[in-house]
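If you scroll down you'll find the structure; I have some questions about it.
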Amino acid sequence: MPLKVVVQVSDLNSVPQALKSCRNLLSEVPDAVVEIVFHQTAINALVKGKGFDDEIRGFVERGVVIAACRNSMRDRGIRSEDLVDGVTVVNSGVAEIVKKESEGWLYLRL
Amino acid sequence: MPLKVVVQVSDLNSVPQALKSCRNLLSEVPDAVVEIVFHQTAINALVKGKGFDDEIRGFVERGVVIAACRNSMRDRGIRSEDLVDGVTVVNSGVAEIVKKESEGWLYLRL
Amino acid sequence: MPLKVVVQVSDLNSVPQALKSCRNLLSEVPDAVVEIVFHQTAINALVKGKGFDDEIRGFVERGVVIAACRNSMRDRGIRSEDLVDGVTVVNSGVAEIVKKESEGWLYLRL
(Lines give C-alpha, C1' and ligand atoms only; values in the text may rest on other atoms or scores of the structure.)
Protein backbone atom coordinates (compact mmCIF):
# COMPACT_ATOMS: atom_id res chain seq x y z
CA MET A 1 0.00 0.00 0.00
CA PRO A 2 1.47 3.39 -0.93
CA LEU A 3 2.42 5.89 1.76
CA LYS A 4 -0.11 8.68 2.12
CA VAL A 5 1.44 11.94 3.28
CA VAL A 6 -0.26 15.22 4.25
CA VAL A 7 2.20 18.10 4.13
CA GLN A 8 1.69 21.44 5.93
CA VAL A 9 3.21 24.65 4.57
CA SER A 10 2.58 27.67 6.80
CA ASP A 11 5.21 30.29 6.03
CA LEU A 12 5.50 32.02 2.65
CA ASN A 13 9.27 32.29 3.07
CA SER A 14 9.56 28.53 3.38
CA VAL A 15 7.59 27.75 0.20
CA PRO A 16 10.54 27.30 -2.21
CA GLN A 17 12.34 24.93 0.19
CA ALA A 18 9.07 23.15 0.99
CA LEU A 19 8.28 22.51 -2.68
CA LYS A 20 11.82 21.25 -3.26
CA SER A 21 11.42 18.87 -0.30
CA CYS A 22 8.13 17.60 -1.76
CA ARG A 23 9.82 16.91 -5.10
CA ASN A 24 12.56 15.05 -3.24
CA LEU A 25 9.94 13.03 -1.39
CA LEU A 26 8.28 12.02 -4.66
CA SER A 27 11.64 11.14 -6.21
CA GLU A 28 12.45 8.82 -3.32
CA VAL A 29 8.93 7.42 -2.84
CA PRO A 30 7.40 7.71 -6.34
CA ASP A 31 4.14 6.00 -5.47
CA ALA A 32 3.44 8.18 -2.42
CA VAL A 33 0.01 9.80 -2.32
CA VAL A 34 0.62 13.42 -1.34
CA GLU A 35 -1.57 16.35 -0.35
CA ILE A 36 0.09 19.68 0.39
CA VAL A 37 -1.95 22.06 2.55
CA PHE A 38 -1.12 25.76 2.33
CA HIS A 39 -2.34 28.04 5.12
CA GLN A 40 -1.32 31.16 7.08
CA THR A 41 1.07 33.35 5.03
CA ALA A 42 1.96 30.47 2.69
CA ILE A 43 -1.50 30.78 1.14
CA ASN A 44 -0.14 33.66 -0.95
CA ALA A 45 2.01 31.21 -2.94
CA LEU A 46 -1.16 29.72 -4.46
CA VAL A 47 -2.31 33.01 -5.99
CA LYS A 48 -1.78 33.26 -9.75
CA GLY A 49 1.25 35.25 -10.82
CA LYS A 50 3.19 35.01 -7.56
CA GLY A 51 5.91 32.95 -9.20
CA PHE A 52 4.81 29.47 -8.18
CA ASP A 53 2.24 28.83 -10.95
CA ASP A 54 4.34 26.35 -12.93
CA GLU A 55 5.52 24.46 -9.89
CA ILE A 56 1.99 24.21 -8.48
CA ARG A 57 0.58 23.05 -11.81
CA GLY A 58 3.39 20.50 -12.09
CA PHE A 59 2.38 18.97 -8.77
CA VAL A 60 -1.30 18.91 -9.72
CA GLU A 61 -0.43 17.17 -13.02
CA ARG A 62 1.46 14.51 -11.03
CA GLY A 63 -1.67 13.85 -8.98
CA VAL A 64 -0.62 15.78 -5.89
CA VAL A 65 -3.54 17.56 -4.23
CA ILE A 66 -2.74 21.21 -3.53
CA ALA A 67 -5.13 22.43 -0.83
CA ALA A 68 -5.79 26.08 0.03
CA CYS A 69 -7.17 27.02 3.46
CA ARG A 70 -10.34 29.06 3.07
CA ASN A 71 -9.82 30.78 6.44
CA SER A 72 -6.39 31.99 5.34
CA MET A 73 -7.86 33.13 2.01
CA ARG A 74 -10.66 35.07 3.70
CA ASP A 75 -8.22 36.85 6.05
CA ARG A 76 -6.31 38.12 3.01
CA GLY A 77 -9.17 38.78 0.60
CA ILE A 78 -8.11 35.97 -1.73
CA ARG A 79 -10.94 34.53 -3.86
CA SER A 80 -11.09 31.05 -5.41
CA GLU A 81 -10.70 32.54 -8.89
CA ASP A 82 -7.39 34.13 -7.80
CA LEU A 83 -5.83 30.71 -7.27
CA VAL A 84 -3.65 28.79 -9.70
CA ASP A 85 -5.78 26.38 -11.74
CA GLY A 86 -6.15 22.96 -10.18
CA VAL A 87 -5.86 24.10 -6.56
CA THR A 88 -8.50 22.66 -4.20
CA VAL A 89 -10.06 24.81 -1.46
CA VAL A 90 -10.67 23.32 2.01
CA ASN A 91 -12.59 25.00 4.83
CA SER A 92 -9.77 24.92 7.33
CA GLY A 93 -6.17 23.93 6.66
CA VAL A 94 -5.50 22.69 10.16
CA ALA A 95 -8.75 20.71 10.30
CA GLU A 96 -7.88 19.17 6.92
CA ILE A 97 -4.49 18.09 8.27
CA VAL A 98 -5.77 16.42 11.44
CA LYS A 99 -8.64 14.75 9.57
CA LYS A 100 -6.14 13.23 7.14
CA GLU A 101 -3.98 12.10 10.07
CA SER A 102 -7.04 10.48 11.64
CA GLU A 103 -7.47 8.50 8.41
CA GLY A 104 -3.91 7.16 8.63
CA TRP A 105 -2.07 9.72 6.54
CA LEU A 106 1.48 10.50 7.67
CA TYR A 107 2.14 14.09 8.67
CA LEU A 108 5.02 16.24 7.50
CA ARG A 109 5.39 19.88 8.46
CA LEU A 110 7.69 21.83 6.16
CA MET B 1 -14.98 9.25 19.05
CA PRO B 2 -13.76 12.86 19.00
CA LEU B 3 -10.41 13.72 17.45
CA LYS B 4 -7.71 14.33 20.04
CA VAL B 5 -5.08 16.83 18.90
CA VAL B 6 -1.85 17.87 20.59
CA VAL B 7 -0.60 21.19 19.22
CA GLN B 8 3.00 22.41 19.52
CA VAL B 9 3.79 26.13 19.61
CA SER B 10 7.52 26.86 19.72
CA ASP B 11 8.10 30.39 18.44
CA LEU B 12 6.77 33.50 20.21
CA ASN B 13 6.36 35.28 16.87
CA SER B 14 4.03 32.56 15.64
CA VAL B 15 1.71 32.68 18.67
CA PRO B 16 -1.00 35.00 17.25
CA GLN B 17 -1.27 32.93 14.04
CA ALA B 18 -1.13 29.69 16.02
CA LEU B 19 -3.97 30.71 18.32
CA LYS B 20 -6.05 31.78 15.33
CA SER B 21 -5.42 28.38 13.72
CA CYS B 22 -6.52 26.66 16.92
CA ARG B 23 -9.75 28.66 16.94
CA ASN B 24 -10.32 27.68 13.31
CA LEU B 25 -9.69 24.03 14.19
CA LEU B 26 -12.30 24.20 16.96
CA SER B 27 -14.79 25.95 14.66
CA GLU B 28 -14.44 23.20 12.07
CA VAL B 29 -14.20 20.28 14.51
CA PRO B 30 -16.14 21.54 17.56
CA ASP B 31 -15.90 18.30 19.53
CA ALA B 32 -12.12 17.98 19.12
CA VAL B 33 -10.17 17.44 22.34
CA VAL B 34 -7.22 19.84 22.15
CA GLU B 35 -4.07 20.39 24.18
CA ILE B 36 -1.73 23.21 23.16
CA VAL B 37 1.86 22.83 24.38
CA PHE B 38 3.94 26.00 24.59
CA HIS B 39 7.72 25.64 24.77
CA GLN B 40 10.94 27.36 23.65
CA THR B 41 10.37 31.12 23.12
CA ALA B 42 6.59 30.65 22.84
CA ILE B 43 6.50 30.02 26.60
CA ASN B 44 6.58 33.80 27.10
CA ALA B 45 3.05 34.07 25.69
CA LEU B 46 1.73 32.27 28.78
CA VAL B 47 3.09 34.86 31.22
CA LYS B 48 0.45 37.21 32.64
CA GLY B 49 0.29 40.62 31.03
CA LYS B 50 2.00 39.71 27.76
CA GLY B 51 -1.17 40.38 25.79
CA PHE B 52 -2.48 36.83 25.47
CA ASP B 53 -4.28 36.55 28.84
CA ASP B 54 -7.81 36.78 27.47
CA GLU B 55 -7.18 34.43 24.58
CA ILE B 56 -5.51 31.86 26.82
CA ARG B 57 -8.31 32.05 29.38
CA GLY B 58 -10.86 31.70 26.57
CA PHE B 59 -9.27 28.44 25.48
CA VAL B 60 -9.13 27.12 29.04
CA GLU B 61 -12.82 27.95 29.50
CA ARG B 62 -13.62 25.93 26.36
CA GLY B 63 -11.86 22.93 27.87
CA VAL B 64 -8.62 23.26 25.92
CA VAL B 65 -5.58 22.29 27.99
CA ILE B 66 -2.86 24.94 27.79
CA ALA B 67 0.42 23.30 28.79
CA ALA B 68 3.61 25.17 29.73
CA CYS B 69 6.99 23.44 29.44
CA ARG B 70 8.81 23.58 32.77
CA ASN B 71 12.23 23.35 31.08
CA SER B 72 11.43 26.42 28.98
CA MET B 73 10.16 28.24 32.08
CA ARG B 74 13.30 27.42 34.07
CA ASP B 75 15.58 28.67 31.26
CA ARG B 76 13.81 32.05 31.39
CA GLY B 77 13.19 32.39 35.13
CA ILE B 78 9.42 32.05 34.74
CA ARG B 79 7.63 30.75 37.83
CA SER B 80 4.26 28.96 37.95
CA GLU B 81 2.68 31.98 39.62
CA ASP B 82 3.72 34.16 36.66
CA LEU B 83 1.48 32.18 34.30
CA VAL B 84 -2.04 33.07 33.23
CA ASP B 85 -4.59 31.35 35.47
CA GLY B 86 -5.63 27.93 34.28
CA VAL B 87 -2.38 27.05 32.53
CA THR B 88 -1.03 23.57 33.31
CA VAL B 89 2.71 22.98 33.79
CA VAL B 90 4.34 19.85 32.30
CA ASN B 91 7.92 18.71 32.94
CA SER B 92 8.99 18.74 29.31
CA GLY B 93 7.02 20.09 26.38
CA VAL B 94 8.53 17.73 23.83
CA ALA B 95 8.09 14.69 26.08
CA GLU B 96 4.45 15.71 26.64
CA ILE B 97 3.92 15.87 22.88
CA VAL B 98 5.37 12.46 22.06
CA LYS B 99 3.60 10.84 25.02
CA LYS B 100 0.28 12.17 23.74
CA GLU B 101 1.12 10.90 20.26
CA SER B 102 1.89 7.48 21.71
CA GLU B 103 -1.62 7.51 23.21
CA GLY B 104 -3.19 8.12 19.79
CA TRP B 105 -3.42 11.91 19.80
CA LEU B 106 -2.92 13.56 16.42
CA TYR B 107 0.01 15.96 16.18
CA LEU B 108 -0.08 19.48 14.79
CA ARG B 109 2.92 21.79 14.80
CA LEU B 110 2.02 25.46 14.40
CA MET C 1 8.23 -0.94 24.58
CA PRO C 2 10.28 2.25 24.37
CA LEU C 3 8.97 5.26 22.48
CA LYS C 4 10.58 5.67 19.07
CA VAL C 5 10.80 9.29 17.96
CA VAL C 6 11.94 10.72 14.63
CA VAL C 7 12.85 14.40 14.97
CA GLN C 8 13.02 16.85 12.06
CA VAL C 9 15.36 19.85 12.17
CA SER C 10 15.05 22.10 9.11
CA ASP C 11 16.33 25.56 10.03
CA LEU C 12 19.96 26.24 10.99
CA ASN C 13 18.85 29.02 13.35
CA SER C 14 16.73 26.58 15.30
CA VAL C 15 19.50 24.01 15.83
CA PRO C 16 20.66 25.10 19.33
CA GLN C 17 17.06 25.12 20.65
CA ALA C 18 16.30 21.86 18.85
CA LEU C 19 19.29 20.07 20.38
CA LYS C 20 18.36 21.38 23.82
CA SER C 21 14.80 20.06 23.31
CA CYS C 22 16.21 16.65 22.31
CA ARG C 23 18.30 16.54 25.48
CA ASN C 24 15.19 17.42 27.49
CA LEU C 25 13.27 14.65 25.76
CA LEU C 26 15.96 12.11 26.64
CA SER C 27 16.07 13.35 30.25
CA GLU C 28 12.32 12.86 30.61
CA VAL C 29 12.07 9.65 28.57
CA PRO C 30 15.54 8.06 29.02
CA ASP C 31 14.74 4.87 27.14
CA ALA C 32 13.36 6.65 24.06
CA VAL C 33 14.86 5.57 20.74
CA VAL C 34 15.61 8.78 18.89
CA GLU C 35 16.69 9.65 15.35
CA ILE C 36 17.27 13.30 14.48
CA VAL C 37 17.04 14.13 10.77
CA PHE C 38 18.79 17.30 9.60
CA HIS C 39 17.82 18.75 6.22
CA GLN C 40 17.40 22.09 4.42
CA THR C 41 19.63 24.79 6.00
CA ALA C 42 20.01 22.79 9.24
CA ILE C 43 22.29 20.38 7.35
CA ASN C 44 25.11 22.87 7.88
CA ALA C 45 25.12 22.11 11.61
CA LEU C 46 26.45 18.62 10.84
CA VAL C 47 29.56 19.88 9.08
CA LYS C 48 32.77 19.57 11.15
CA GLY C 49 33.90 22.77 12.83
CA LYS C 50 30.57 24.59 12.74
CA GLY C 51 30.33 24.56 16.53
CA PHE C 52 28.08 21.55 17.02
CA ASP C 53 30.73 18.79 16.84
CA ASP C 54 30.73 17.96 20.55
CA GLU C 55 26.96 18.05 20.89
CA ILE C 56 26.49 15.85 17.82
CA ARG C 57 29.08 13.36 19.01
CA GLY C 58 27.44 13.33 22.44
CA PHE C 59 24.15 12.29 20.90
CA VAL C 60 25.78 9.60 18.76
CA GLU C 61 27.54 8.20 21.85
CA ARG C 62 24.15 7.97 23.60
CA GLY C 63 22.82 5.89 20.71
CA VAL C 64 20.88 8.65 18.99
CA VAL C 65 21.02 8.37 15.20
CA ILE C 66 21.97 11.66 13.58
CA ALA C 67 20.83 11.55 9.95
CA ALA C 68 21.99 13.93 7.22
CA CYS C 69 19.85 14.44 4.10
CA ARG C 70 21.90 13.75 0.97
CA ASN C 71 19.75 16.06 -1.15
CA SER C 72 20.45 18.96 1.22
CA MET C 73 24.17 18.07 1.20
CA ARG C 74 24.31 17.99 -2.60
CA ASP C 75 22.60 21.39 -2.90
CA ARG C 76 25.33 22.88 -0.72
CA GLY C 77 28.35 20.93 -1.93
CA ILE C 78 28.75 19.11 1.39
CA ARG C 79 30.53 15.75 1.13
CA SER C 80 30.21 12.81 3.53
CA GLU C 81 33.77 13.37 4.73
CA ASP C 82 32.84 16.93 5.76
CA LEU C 83 30.39 15.62 8.35
CA VAL C 84 31.04 15.14 12.06
CA ASP C 85 32.10 11.55 12.75
CA GLY C 86 29.23 9.21 13.47
CA VAL C 87 26.65 11.01 11.35
CA THR C 88 24.59 8.76 9.05
CA VAL C 89 23.66 9.87 5.52
CA VAL C 90 20.15 9.16 4.16
CA ASN C 91 19.02 9.72 0.57
CA SER C 92 16.19 12.09 1.43
CA GLY C 93 15.45 13.61 4.82
CA VAL C 94 11.71 13.94 4.24
CA ALA C 95 11.41 10.41 2.87
CA GLU C 96 13.34 9.11 5.90
CA ILE C 97 10.89 10.89 8.21
CA VAL C 98 7.71 9.55 6.62
CA LYS C 99 9.17 6.03 6.32
CA LYS C 100 9.92 6.05 10.06
CA GLU C 101 6.40 7.32 10.73
CA SER C 102 5.00 4.49 8.62
CA GLU C 103 6.91 2.08 10.88
CA GLY C 104 5.25 3.50 13.99
CA TRP C 105 7.80 6.09 15.02
CA LEU C 106 6.37 9.25 16.61
CA TYR C 107 7.09 12.49 14.77
CA LEU C 108 8.45 15.67 16.31
CA ARG C 109 9.27 18.76 14.27
CA LEU C 110 11.60 21.16 16.04
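In this document, chain identifiers A, B and C correspond to the written order of the chains, with residue numbering beginning at 1 in each.
Here is the rule we use: contacts are C-beta pairs under 8 Å (C-beta built on N, C-alpha and C of every residue); 3 or more make two chains touch, one makes a residue touch a chain.
These figures come from a predicted structure and were not determined experimentally.
Undergrad: Chain B-chain C contact: same residues or different, taking over half shared as same?
TA: different
Undergrad: Working from the CA atoms, figure out how many degrees chain A turns to land on chain B, in steps of 5.
TA: Angle of the fitting rotation, chain A to chain B: 120 degrees.
Undergrad: Hey, how far is the Cα centre of chain B from the one of chain C, in Å?
TA: 25
Undergrad: Tell me, which residues of chain B touch at least two other chains?
TA: 107, 109
Undergrad: State the interface residues of chain B toward chain C in the complex, per the touch definition above.
TA: For chain B paired with chain C, touching residues are 8, 10, 39-41, 71, 91-95, 97-99, 101-102, 107, 109.
Undergrad: Going by the contact rule at the top, pick out the chain B residues touching chain A in the complex.
TA: Going through chain B, the ones touching chain A are 3, 5, 17, 21-22, 24-25, 27-29, 32, 106-110.
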